[in-house]
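Shown below is the structure under consideration.
Letters A, B, C, D and E mark the chains as written, and numbering starts fresh at 1 in each.
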Amino acid sequence: MSPILFWLFTALMLAFGTSVVLNRDPVASALSLVASFLCLSALFVGLDAFFIGVIQILVYAGAVMVLFLFIIMLLDLKAEQRRQFNRLSLAGGGAVAVGFMFELLHVLNSFSIGKNPFPPLGVARLDDVRQVGITLFTQFNLPFQTVGVLVLVASVGVIVLSRRELK
Amino acid sequence: MFPPISLEILVLALGFILLLAESFSNSTNKRGLAHIAIFCLGWIFAISFFTASAPATLAPGSYWNFYSGDGVSLVFKRIALLTTIAVLVLALDYESTLAKLLPSAHKGAGTGEFYILPLFTCTGLMLMASAVDLVMAFAALELVTISFYVLVAYARRSHASLEAGVKYLILGALSTGFIVYGITWIFGLTGETHFTKVAEKLAHLRGDDTAILFAFLLVLVGLGFKVAAVPFQSWVPDVYEGAPTPVTAFLSVGSKAASFLLFLRVLEPFLGVESILPKVLQVLAIVAGATLIFGNLAALPQNSLKRLLAYSSIGHAGYLLTAIACIGAGGSLLLGVGTTVGYYLFAYMLMTLLAFAVLTLVSVNSKGEEIQHFNGLSKRSPFLAFAMVVAMSSLAGVPLTAGFYGKFLVFAQIIQAHQWGLLALGVITVGAGFYYYFRVVAAMYWHDPLETTPITVAPLSKITISLLIASIFYFGINPNPVLSALRTSAPSVAAAAH
Amino acid sequence: MESTLPWLILLSPLASASLILLFAHRSKALSVLLSLSAVFVALGASLLLVKNATDVLTAIPWIDLGPALKLGIGLKVDALTRVMLLVVTGVGTLVHVYSTVYMAEDEGKSRFFGALSLFMFSMLGIVLADNLAMMFIFWELVGVSSFLLIGHWFTKESAAKAANKAFLTNRIGDFGFMSGILLVWSTVGTVEFAGIQENLAKLTANPTFLTLAGLCLFCGAVGKSAQMPLHVWLPDAMEGPTPVSALIHAATMVAAGVYMLARIFFILEPSATALGVIATVGAITALMAALMATQQNDIKRILAYSTLSQLGLMVAGIGVGAWGASMFHLFTHAFFKALLFLGSGAVIHALHHEQDIWKMGGLRKTMPKTFLTFAIGTLALTGMPFLAGFFSKEAILLAAWHKSMPVFAAGLLTSLLTAFYMTRLVVVAFFGHPRTDAASHGHDCPAGMTVPLLILAVLSAIAGYAGFAEAIFGKELFHHVHAAAAVTLVPALAVGAFVLGTVGAWMLYHPAIKDPAIFKDAYRIKDPVRIPLFANKFYIDEIYSALVAGTQDMLAGFLGWFDHFILDGVIVRGICAITWGAGYTLRLLQFGNLQGYAFFFGAGVVVLLYILTK
Amino acid sequence: MNPLTLNHYLLASGLLFSIGFAGVLLRRNIITIFMCLELMLNAANLSLVAFSRYHVGADGLPNYNAQVLVFFIIAVAAAEVAVGLAIIVALYRARQTTHVEDLVSLKF
Amino acid sequence: MLTTLLLIPIVTAAALFLGFGNRTWAKGSALLQLALTLALWFRYNQAKAGYQFVFETNPLFPGVDLRYSVGVDGLSLVMLLLTALVTVTAVWFLPNLEKRANLFDGSVLLISAGATGAFLAKDLFFFYAFHELALVPTFLLIGLWGTGERQAAAWKITIYLGVGSIVLLAGLVDLLMALPVSSRTFDLQALQQLGAAHMIPAAAQIRPWFLLTIGFGILISLFPFHSWAAPAYASAPTPVAMLHSGVLKKFGLYGMVRLVLPFLPDAFHQPVWGSYTAQDLLLVALLGNILYVGLVTISQRKLDFMIGYSSVMHMGYIFLGLASLNLAGLSGACLLMFAHGLSVAALFAVSGTIRDHEGSLRFDRLGGASKSVPFLGICFAMAAFASIGLPGFANFASETMVFFGGFSPGATSFQKTATILALWGVVISAVYMLRAYKAVFLGQPTATSAKWTDLAGSARFALALLPLTLLLGGVFPRYFLGYLKPTLEAALR
């Protein structure tokens, strides 16, 4: 990936990320989130992870984001925008987040491996869906099954939690 | 002999069958489901004694890279099974209360899943116990976490349950974020996800101590959240209080036990890095000390027993973390840290489940979970009062109950490591523990009851409670079965003990 | 035979005491019978022992820890023991007989005789002891039997108080005694008299230590023999029944201190300082007690102070080195003081428990036998020549003359005062006319009481004669009695003091009782001599109670307060409160706000990360 | 312009993580908080993919284990969102609020 | 046989809890316990030192020598006899309850079982465990059936002793840790042999010494950790006060003899503060018990508190015997444990009976009781005289040994001074005991005390058992010392 594109998408991703946090309107936040994730998937693609990039768009933009918007609309959350921020908690939360960020920078700064450029790939054309598939269904079969159960549990849970009347 | 994974498969199959049965049957009585589940889990527990332990392989591409059926995991699987059985028994007792908190079409409606979801949670717990790979660990952990989100918020007519659900959800997701980030860093540092390989790679890394420490901290945060270590404990009291009581019991025993084992497994690779060892141990000691103090002292002024048990659960996490923080000293007095933690959790399971069993029955009959609802319990039901005395004594660490050996092992660990600060905290907190646990005993025996109707105990609950009491005494005198089971196959955790 | 006799002496009263306590306490007659037979057995055995005048030593171990510690119950019968044995069993027998009548109507008669037997056992134990530890054991036991007997009429507040006071005061002395025993033991390694004597060199090697040990041992005697400053219990002990006063608080127990000093004289002898202190204490006690006696109105109290005074004299005798003379005086004193007490008992008995001498009068006529014996006793005590007291007192004075003039002077003055107050007593109580109804109905008591009086009167008369005494003391011991070279001036001065005292008192008091006003109200007549300081016993009781209240009780009260409010209240509860408060504060961190929890979470991450990466 | 290093991506990921974390700490609306949590998870994913690309195996391919893990994380996150939103809906039905300040009945 | 002895009270208690049986069962159990103890007492072979009647299971910890093992030697026999005697008396002084009498009786038996177990145990772990087990019934009984500020007292004793036990636990573990890995064992006999072999270097002894002394000290109410004792005993129901102060408290002292002396003898001579040694420190603490607590006792105005404090004070003498580190002092201390247990139990039995009669134990409300209840008076007098160290009772014999021990050759001058000061305590104890005796039993009878009824029937025998045993011990201390001596010699080696 060319550095220019990297910087562009990174800047956009962070900007939209910030917009998620700063926007008072949940709908705007949700849209910013999607935008941020689109930039993120661009970064994924830049890292030669095409499959993940696609999945990212499909799952987040296609499903999660719709879910969020749907719920926000369902609950009609506008009334709550007017609430005031508590300055103390604002300062405290900000301080913690900023403190964490600086410590993270400190870690990255001392991270020797990270200073290396990416090694070149050994193949000209990456069949990355196939590779992911092979890895997932052979080696990672057990965790995969587990995640399957997890999704089952989640769907059962969602039904139990949201049906108007239980039978 | 069965392979260890058969246990997970059987429980999972049981869960599926019951789920199908629940959706296709027209019966309005869901209690049958629970009875079947309890019965079958009992059999599965029996089968667990006929499984051959099978440590993980490291062959590339093998299915068993992720799963270790070693002796320790077997013990934790049994803990998970027993906990689930007990939770289901509690759930049966809790049914009348739960039914009122559900938007049900008819009596008992919607309780079916309440009996079935624990089976999936149990599967997750068992998988967690066996997970020797970060990916597997993550998947299993999330299976447990997500099923707990549902279970905690299950009683959705209850504001408390919902509030607890939301708090657990947000903070749990936050901790998941940290775990994921931590896994990322571990992978980034080593390029591996299997614990053994990670350990090998980490030990040979040079010059990136800060990054290793960062990865360690992220995992500590994530798992510290699960085991209720200070300062990541804040969800515990609220969620424990709000959740339906059987779920609280499940959270406090099952989730904690599996998380501790995972914590030990994740910790081990970091302990192999000598250059960071002092800092790791220092932070562990700080966290352990803070947890000890917070859990035990904040429990002192509690009036709600459920909340008190929540704080006590933090306190016990403190003892366990203390044992882990003393991991660094050479030569074990009695047994390794892994065995100490394993035994402690086993004892903790017995006594906590007993306490929750009594709490469930009393709260159902007294419409409340405050200590004052236990007033004069010895008159209303001497059996339950006695059970509670046993549970509280064991939690407080009175000898000849299972809880004492746990404390004993922990103190041995502390002294061995010459952690005098932690020893002092331990002494203070045990003293505090005597106070808040015995307050319940005092309420039951000293005070007059708020209401005098006797409490009837269902036969199944009676059997469960009796068995728990008997086990507390039995393992309080002879801990050998548990200890030798923990030690038979020297797993990676036991190696961490040295 | 010789080795079993001492055991018989010792154990027969014990058997009687235990039998009474365990089985016979419901039957008065049986109790009396048991007690009497025990004392007769003891007397008989003692007489047999005197006849076979060989020394006997017999012991059984009591505590035996090998070389670490060996304490035995050992009996030692030598000349000194024999004297005391006879005194104790002799006077004891008479008092037992006397008591059967005196206590006839008492509801606690069994208890009384049980305690009396216990006392005999304890006292004989002291006498027979062959080591300091055993002596201490019986020393304490006589204390407790004295406690029981003083407090015999326990529903009387004053009796109960007196019993406590006696016991406690003795305890203070015993504290010193035990310290002394420990000091000796730590040097010598044994507590047996024989052993100490053998290893005396170890003790004398360190004179300061020796003096300290000697004085500590002397403390025991100060308590038991009621020397200054621990004398306060003895007058109060008169709350007990009169036979008890006669036996315990006149003839035997209080003399145990003197006996003990005589026993351990070989330890005291090398230390001039110790002896000097002993002599001074004795002399002061003798003099002050005599002064106090001159102003008392209670017949028993006068006798009590007199006892104090005489004990002081004996102790002073030890102090001037004349332990033989002191023992001799102890011996004679036992008879005439017991006689006097029993006589006063007869008076009290006849007058229905009237003890004020001013409410008596004229008893000479109504109680002739009692008067006669009482008079003999008085004269023996005051030192009338050729009666017992004269000889023994003179022996002490003689020794003092050689050793220390101040002690001699004090002794002489005491003799004079003794003659004075005893004559005062006799004149006021027995002469003139009865001043109360009770006094006018006085009568001699039954034979059970009079016979012991008569026997004692005879003994008081003859006990001082060399022949009699020597027979009992044995040649060797009697040699010590008259160790000092005779000086003619001493008996002359003694006689002078006697005459002066007697005549002085007669001159003062005989006219006073003639005053007709006293028929109406005894207290209208004024004692011709009135010295409040003496009457109030130098205010020592008051000073003591102020001291006790001011120091011990106040300290105890303060410490009680401290313990309750500071140690337990502030410190212990404070720690609990701090812990609880900390818990309460920590609990406040769980304020329910999800965001706050996330903040703690984050802050925890940041802080831990800082610690890790700094 | 310098070639891109691993740290570039890690930095981007770290900043996104911090932004998400800040959102969790600062926002009052539970749904928004939930979105911020998604940001954090995805930030981790970015690092993971970067590491995957960095740890090129002997066969010259990126380390697909990490990508599979990313796949799992996305799946889990989706499930979590589903359950989480269900809980939030249930909460809203019961309490008519999605604000954290209103959820303080359980405390101390 | 020993396990049977342990099971008698436990099984009876369990039966009572389950609703079977009644007061007679409790009495029968106590008598059976006494009978069995006496059988042990006479069958014990004094000529053979060491543990006898040993029974032990396989190790309970894999690879660690920790097992259920019981056995008795001379010292534990004496303590068992004390337990059995006090239990019999305590059971006869159980109050008449309308409700839940079985709970009360069973709990009392459990306390006795705890003590029995602790003294029987030949294994360090069970030795510790049984003692603490007795805490729970104590807590229940004081809070439920106590008098006065019973709940506060119950809390105080429980928390105090809980903390004490945990310090003790730390000390025990530290002690084991000080041994080389290969010789770590929980077997008391094996431990004793290790102690004799001086396995622990002197400098390493001081820390476990402190932990153990403070731990045991809290359990024994060593100054300044004594403030739980008097209020607890004053509030406790009579049998509980008897058993706890008479028997259970001796556990700590027993532990000192069993563990601290054989193991950490050099610690006593280690300087801890300037030139003052640990022994000096202990002496100061025990003088606190004797003089400070003694004076506090004098200031008490209620009989139960007075006895409670006096029991604290007498712990000082036992410690004095321990601190002397020689056979005389130690034998005195051990015999004094026995004697003090009996005398204080008898005192509490009498004071409890009086409280039942009068409802109050304030000295200014009592008086002249000997008139109406002479038997109680005699028993109280005997026990009181015993406790102030009157010859003839075992207490005197033991105190004598203690004092001689403090003065034996080799005693430091500090020790001798302390002993002399401690001797003054004899005067102090006489002051308060006689005051109490006079206030309650002597003097003019009060309007109520004249109407009291004396003990009758078998309760008389039960109560008389204690002072009579004291007399036996006082006259023939040698008989008891014969049992104690070999054990103690081994402990001092």
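Please note the rule applied: contacts are C-beta pairs under 8 Å (C-beta built on N, C-alpha and C of every residue); 3 or more make two chains touch, one makes a residue touch a chain.
Not measured: the values here are computed from a predicted model.
Peer 1: Kindly list the shared contact partners of chain A and chain C, in label order.
Peer 2: Per touch definition, common to chain A and chain C: B, D.
Peer 1: What is the shortest path, in steps, from chain A to chain B when you may only step between chains that touch?
Peer 2: The least step count works out to 1.
Peer 1: Chains shared as neighbours by chain C and chain E?
Peer 2: Per touch definition, common to chain C and chain E: B.
Peer 1: Computing the C-alpha centre of each chain, which chain sits at the greatest distance from chain B?
Peer 2: Of all the other chains, the one whose centre lies farthest from chain B is C.
Peer 1: Let me check something: if the centre of a chain is the mean of its CA atoms, which chain is farthest from chain E?
Peer 2: Of all chains, A has its centre farthest from that of chain E.
Peer 1: With contacts defined as at the top, give the pair, A-D or C-D, that has more of them.
Peer 2: Comparing A-D with C-D, the pair joined by more C-beta contacts is A-D.
Peer 1: Can you figure out the chain closest to the middle, judged by Cα centres?
Peer 2: Minimum centroid-to-centroid distance belongs to E.
Peer 1: Where the centres are mean C-alpha positions, what is the separation of chain A from chain E, in Å?
Peer 2: Inter-chain centre distance comes to 69 Å.
Peer 1: Just the number, please: Cα centre separation of chain B and chain D in whole Å.
Peer 2: 26
Peer 1: Distance-wise, how many Å sit between the C-alpha centres of chain B and chain E, to the nearest whole number?
Peer 2: About 41 Å separates the centre of chain B from that of chain E.
Peer 1: What's the distance between the Cα centroids of chain B and chain C, rounded to whole Å?
Peer 2: 76
Peer 1: Would you pick out the residues of chain A that each touch at least 2 other chains?
Peer 2: In chain A, residues 89, 92-93, 96-97, 100, 104, 106-107, 111, 113, 139-140, 143-144, 147, 150, 154, 157, 161 touch at least two other chains, as defined above.
Peer 1: Do you know which chain E residues sit against two or more other chains?
Peer 2: Within chain E, the residues that touch at least two other chains are 159.
Peer 1: Spell out, as numbers or ranges, the residues of chain D touching 2 or more other chains.
Peer 2: Within chain D, the residues that touch at least two other chains are 10, 17, 20-21, 24-25, 28, 30, 34, 45, 50, 54, 65, 68, 72, 76, 79-80, 83, 87-88, 90, 101, 103, 105-108.
Peer 1: Among the chains present, which pairs are found to touch?
Peer 2: Inter-chain contacts occur between A-B, A-C, A-D, B-C, B-D, B-E, C-D, C-E.
Peer 1: Spell out the residues on chain B that touch chain C in their complex, using ranges where they run on.
Peer 2: Within the complex, chain B touches chain C at residues 166-167, 170-171, 174-175, 178, 210, 213-214, 216-217, 220-221, 225, 230-232, 234-235, 237-238, 279, 282-283, 286-287, 293-294, 296-302, 311, 428, 431-432.
Peer 1: How about chain B: which of its residues touch chain E in the complex?
Peer 2: Spelled out, the residues of chain B in touch with chain E are 331, 333-335, 378, 382, 386, 389, 393, 396-400, 404, 407-408, 411-412, 414-416, 423, 426-428, 430-431, 433-435, 438, 441-442, 445-446, 477-480, 483-484, 487.
Peer 1: Flag every residue of chain E that touches chain C in the complex, lowest number first.
Peer 2: That would be residues 156, 159, 224, 227, 231, 292-293, 295-300, 326-328, 331, 368, 370-371, 378, 385, 390-392, 396-397, 400-401, 403-409, 411, 416, 419-420, 423-424, 426-427, 430-431, 434-435, 438, 441-445, 477-478, 481, 485 of chain E.
Peer 1: Could you pull out which chain B residues touch chain A in their complex?
Peer 2: Per the touch definition, chain B meets chain A at residues 12, 19, 61-63, 65-67, 102-106, 109-110, 113, 116-117, 120, 123-124, 127, 133, 135-136, 138-140, 142-143, 146-147, 149-150, 153-154, 156, 188-189, 207-208, 210-211, 214.
Peer 1: Of all residues in chain E, which touch chain B in the complex?
Peer 2: Chain E reaches chain B through residues 17, 59-64, 68, 100, 103, 125, 128-130, 132-133, 135-136, 139-140, 143-144, 151, 154-155, 158-159, 162-163, 166-167, 169-170, 173-174, 176-177, 181, 184.
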